[in-house]
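What follows is a group of structures, each given as structure tokens.
Both of the next two complexes hold chain A, though its partner changes from chain B to chain C.
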Partner chain A sequence: MKRITLGLLGVVAAVLLAGTVGAADLRVGLKLEPSSIDPHYHNLGPNNSAARHIFDRLVHTNEKQQLGPGLAVSWKPLSDTVWEFKLRQGVKFHDGSPFTADDVLFTFERAPNVEASPSSFALYTKGKTLKKIDDFTIHITTERPYPLMPNDVSTLNIISKKHGEGAKTADYNSGKAAIGTGPYKFVEWVPGDRLVLEKNPDYWGEKAAFDHVVIKPINSDPTRVAALLAGDVDMIDQVPTADIGHLKTNPEVVLSQGVSNRVIYLHLDHDRDDSPFVTGTGGKNPLKDVRVRKAISKAINRPAIVEKVMEGIAIPAGQLLPEGFFGVSPNLKVEAYDPEGAKKLLAEAGWGGGFGLTLHGPNDRYINDDKIAQAIGQMLTRVGIEAKIETMPRSVYFSRASRGGPNKTPEFSFILVGWGAGTGEASSPLKSLLHTYDKARGFGASNRGRYSNPEVDKIIEDALATVDDAKREKLLQKATEIAINDLGIIPLHYQVNTWATRPGLAYTPRTDEATLLMNVVKK
Partner chain B sequence: MATTETFPVASSEGVAQAESPLKRFLSDYCDSKVAIGALFVIMAIAFVAIFAPLISPQNPYDLGEIDILDGRQPPGSIGLTGMKFVLGTDDQGRDMLSAIFYGLRISLAVGAMSGFLALCLGMSIGLVAAYFGGRVDTIIMRIVDLQLSFPAILVALVLVAVLGKGVDKIIIALVLVQWAYYARTVRGSALVEREKEYIEAAICLALSHRRVVFRHMLPNVMPPLIVVVTVQVAHAIALEATLSFLGIGLPVTEPSLGLLIATGFDYMLTGNYWISFFPGIALLITIFSINLVGDQLRDILNPRLQK
Partner chain C sequence: MSVFIVRRLLQSLAVIVAMSLLVFFGVNVIGNPVDILINPEFDQEELERAIKALGLDLPIWQQYLVFVENAVKGDLGKSFVFGMPAIQLIVQRIPATLELALAAMLIAIVFGIPLGMWAGLKPDSMVGKTIMGGSILGFSLPTFWVGIMMIMVFAVMLGVLPATGRGETVEFLGMQVSFLTADGLSHLLMPALNLALLKLALVIRLARAGTREAALQDYVKFARAKGLSPRRIVMVHILKNILIPVVTVLGLELGNVIAYSVVTETVFAWPGMGKLIIDSMQLLDRPIIVAYLLMVVFLFITINLLVDILYSVLDPRVRLQDVKG
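Take a look at the complex of A and B:
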């Protein structure tokens, strides 16, 4: 068997050597594909990545999510509640029409109002009032001090007013309205098959490195790797951890790896007294007891998950973001594996006899998600919690996890999820995962465990209204420490992402996990 | 074969002991050595499936018995607890041999249960259609046509997606997919029987519909049905494996053969061949054996192929 495998690899390598890549063309195989080309239809990773080629933002983020000038050349707060953005002059849309402040105003008006949006950009435009001062100056006013203004603005792709007026999502998908200022022009999108882009020769910034790009969705992990090895594509994202070992030794493949801003964690039901997927407790919810949560955290062998499930390609996690990000606490350590301590805590809490618990998770969203869930099942079983594992496709999972229960409450008791800090700092997970659920004010949107701690809420809200960076960081650290020590969530590990390219190309890993052609480097 | 016996012997002694239908059937079956072999393989698989909890080195469905640290060990390696993994382990540290035994249990149970239930359902509907004819027949057969015009896997996928995970749900889905094949087969042969004198006689005796259909017609349409059963049971096993392979069949902590193969597929390029290979072989042997037996049955039961 092994000999056959080696033989096959030999053939593949020979084919690879025979084929050459057109210097200016690129074919990319990505695990996920966008649900639309409309940049404001669906706030979803693959959509945002695709849109970032065709459109520009006022503020751009680099591969470490640090902010830099985009369509705005500079910005500054004029007062606690007013921000001034100076726009770039001489920028042209793909059709040759000039970019002005009107396009920005139009974007902010359209973005929150896209019809049938499954996940709206309204959370970034909420509470912001735009005023045009002249063609290249705008003022954005908020009710309260808002230090994250540039971060919010960096998520909104600026569309053309001329083509965007009255345009529906379908007009962007067909390309009719998909006219931006970005480094690549839209050519064609065939859902499920390909997205074709070509170079924008008149781009204001660094010109695109490739004349013609075809991006293909290849969802199946082994198929994506095989496509790269067979030379069907020049680059793939989300290289499966299982294949990294043998790809590393393959001279025809270049791997690029980088830690992401995504923490994989467990959320527990902090709210209901009788939690639906907790059994054998006579209607009580042991997850509300901090000792039980601590026991679960101690029962998990994080290094073993990283070693055996993730093949070493992940970092055990003790909080919301890996080291180096804004707001990370220096005082939090990764929980050590301690099954005996876990059993003791369970006994102390009165659950020495154990109870039944079902862990729900996705099976196609995060790296090895269903395998992680099963490994956690084993570990909990060892300390006496009778664990059941149920995994499902992300399309079903997330809506059920968020609002599958009665009155649109979260359906599950114990879930495996991940959170990528879109803003690249700790307020994003704190605000969405650990602040008390408050739909009207946009807090706790993904707090599927309904964790609620008034002290944490207060500090998060204070932080979000503190413009001074040093003070804000202290507050974010404090909120993180309280919430994590209270086990509002149980962090497992930080994802490390891997891209693979053919020789002559390399990828600069991005912490936001996006695959952008602008980060592909030719050697 | 029948010619070696003379008619008077058979008729004077009534049902002759030397040539009872069952014996004749058996001796016909034993014509093919391959078919005998296949039958023994099926019996062996059935034995393994039934006694899996007793003969498996480990209970692969008990999360407490498996350890992630034993994950993806090659065949013949020794685990943390000193257990020997004859066929290696899967990604979660499950002993492959035990997982295959338990997987066969699921495959056979699903195949046999869904085959039997679909047979009962399809047969009844087909007989009713043929016996009553007219509008009843038209309506039923159009429904059958409609269902058969969709690929079985598509219908099964939709049903499982709606019903949810679990062995019982899979069986329901497979029954709903497969009844139409039985109905179509039964109706064909029943239409022929319907015109025969003995049915006419039975109707003239004013026997109840039920008695005519099930006591008189049914035994005479059985032969082609038996062949369809073997084909459809094999088909059901393959469908279950496909659904599990696609990740929508059974829970991940209770892998059937299809799910084991799917798990191994992730490691196909890494040289950990055993996760897919051995369950694949087990599935192949099972389906192949059932089909061989089915072939032989068809040869015996089809009068046109009689020597």
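Take a look at the complex of A and C:
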């Protein structure tokens, strides 16, 4: 009897499940969900990923964050301060209305001014003046030479002027104004439950591979994996490293892995003479001595962290971005593990007797972040630095690390952080992490170690004003080399991301860590 | 009775005001939401703009005054994350949570009372001992672990139930509910059972203790001597008398399952209020946390009042009045 009941249940469930899925449908389980469908409300990963299905940008980025034509077919600098964008003709919004230069102008006007935006797109629109030359030509003028124009433009989702005028964030969430030119059309968004999209059959580019897509937020790691194994969803992102081993042997699962633009690194207090979390030094800050920084770097066994803590799912890092990105230096190598050399350097610097140091880090932001911090603590203790570890939730950590001290200075002495280069090239980490903190000019905003090197500053500023790509790349490489050899930060590893799909599907990993349906391939 | 209710309502108001102060200042001590919500590529100018946009540039007491001023008008602030009114976001999720909570309570009552009474009437029998043993498991196994095990067994290994989320919904009394569709029911079963487990164990224990005590009372002996059928003695005389503690506890527990089904909702990705509050805490979405906790206080006050009224219905000896002295 029991067996019959179970069997019946099974049949009923199978029928129910089968009834909801068609061949060209896709169900996806993602760790994070967008906070809005308004493409300009919140400039953050999950929102930008969701919006990229419904809307297009002038410039598109591929899975390696390389730039390619989107709603603009071509662009070029006419002079150091004027860029010309030629727009794609014959593109239609989802409601059939045509796309023209007016929509671009409207987008640039609206994007920085969305009400109550917790993170706005003013970052990318400021200092730019748009001029419509004709319906399909636009000139963007800046006050100073600005080489990152195409990168900036690639972040802005183009909305329809017709539907966007006077539209509030709520109008996008309800779908009323969520009318773009993208490969998928908006169907429905229920926060916390699902985002439903359908194929845009009239898309100008490569057409969507799925007719109907449901994206579900499944925040809990084991649940997300279980949902895939149970067949609730066809694909998940952010597969936890602990599960990768057994999923690899499961014939019902395909794993797709790729390196990201995110480097995990240590930032040290370069600024204060008496650093709050350095002890046993009689009020001196040994971290200001390059030999001590070098010793710390040598004391860290990066391959062991990758192997043991990250279960092989990371790549040891020697600079700001992994190979293949614009501005990466061919001359920088990963620091070799050398505890004896580290001890020698410490002794040379006068700290042979060691000192106390607290490493602060988040415990819910990067893959295995708290375990990495633990490992580093042990490695430092081995060379004589008495390391303490303190990790905390990111909700507390980041504000303390950035502004927790007196006069809104960084609170900690030695921190574990990560940086993903949103622009996909080296100026992003250089500008934010290694340029001298300069509030007035917007440099070094995340320079929580307050590293300051006038030579590096000068080269970064030169690079940011050099429109010529070859020259700029040289400058970025040079700035990276000086800053890394000076140990402005200590790079640990590049994060590798893992997606899992059902057999018959695979994911082309993106370096920007985004999950885009356009990168799901059918086999 | 009406004097009692009015006085209770006034007391409740004081509790809500005190709670709003505690919560508002409490959540403002932790971190800064801007640091989590802002794009890491920010510059200092954008940071200041974001702080201002969220109203965090004002001193905290001024933020509180703005909050109170709006709260009086029925506006508990806008979510930092979603940019929508906090109340609206919470209300949107009420049907899902309410459905889950009521299903769990129903399971706890329908199975818990008979099982508990059985164990109480025959404490030394095999069945009685098994029931009590089971209830200890129900108490001691952590909810998240049981939830994950249930998913492993029923969704991954047997494949008979869906692992996560809420199924198809239909409109019922103006709310989106899922228990009226087959797909919805199949999604509801596991989370409801998971949430019910602890309550079930609790009800079993309460019912058993009450039954054991009541079975020895004079009135039961007298009823038996009078020649009433055992069925009538159990179903009427004993059942009625054990209900008071059960109702008290279930009342409070109902508040708990509605307000804090966080773990179950997270494990099963159930789109209810519990998931909203845990997400909001991680992102320091202060307006939602404040609005949510205030609503929870309100909920508990209401339930307590209803429980007090229910007492007087169940037990005529209870009079609704304030305890003096």
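In this section, the second predicted complex is superposed on the first by the 502 of 523 C-alpha atoms of A that agree within 3 Å, B and C clash if a C-alpha of one lies under 4 Å from a C-alpha of the other, contacts with A are read in each partner's own complex, and residues count from 1 in each chain.
One rule holds for everything that comes next: a contact is a pair of C-beta atoms (placed from the backbone, for glycine too) under 8 Å apart; a residue touches a chain by one contact, two chains touch by 3 or more.
As the structure is a prediction and not an experimental result, all values here were calculated from the model.
When the two complexes are overlaid on their common chain A, residue A:393 makes contact with chain B and with chain C alike.
Touch criterion not met for A:509: it reaches neither chain B nor chain C. Looking at the superposition, the partner that touches the larger set of chain A residues, chain B or chain C, turns out to be C. In the overlay built on the shared chain, the residue A:227 is in contact with chain C alone; chain B does not reach it. In the superposition on chain A, A:439 makes contact with chain C only, not with chain B.
Looking at the shared chain after the overlay, A:122 reaches chain C, while chain B stays out of its contact range.
In the superposed model, A:424 lies in contact with neither chain B nor chain C. Of the two partner chains placed around the shared chain by superposition, chain B is the only one that A:375 touches, whereas chain C remains out of contact. Once the two complexes are overlaid on the shared chain, A:46 sits clear of chain B and of chain C alike. Touching of chain A by both chain B and chain C, each in its own complex, is seen for residues 222, 226, 229, 393. Against chain A, in their complex, chain B makes its touches with residues 62-64, 66-69, 71-72, 91-93, 165, 247-248, 251-253, 265-273, 277.
The touching residues of chain A, when paired with chain B in their complex, are 1-2, 5, 221-222, 225-226, 229, 240, 242-243, 245-246, 301, 304-305, 308-309, 363, 370-371, 373-375, 377-382, 387-391, 393. The part of chain A that touches chain C in the complex is made up of residues 6, 9-10, 12-14, 16-17, 20, 29, 35-36, 41-44, 115-120, 122-123, 126, 169-170, 173, 190-194, 216-220, 222-223, 226-227, 229-232, 364, 393-400, 402-403, 419-420, 422-423, 428, 432, 439, 442-443, 445-446.
Residue ranges of chain C in contact with chain A, taken from their complex: 30-47, 49-50, 53-54, 78, 80-84, 89, 92-93, 96, 148, 151-152, 155-156, 158-166, 182-183, 186, 266-269, 271-272, 275-276, 279, 281-284.
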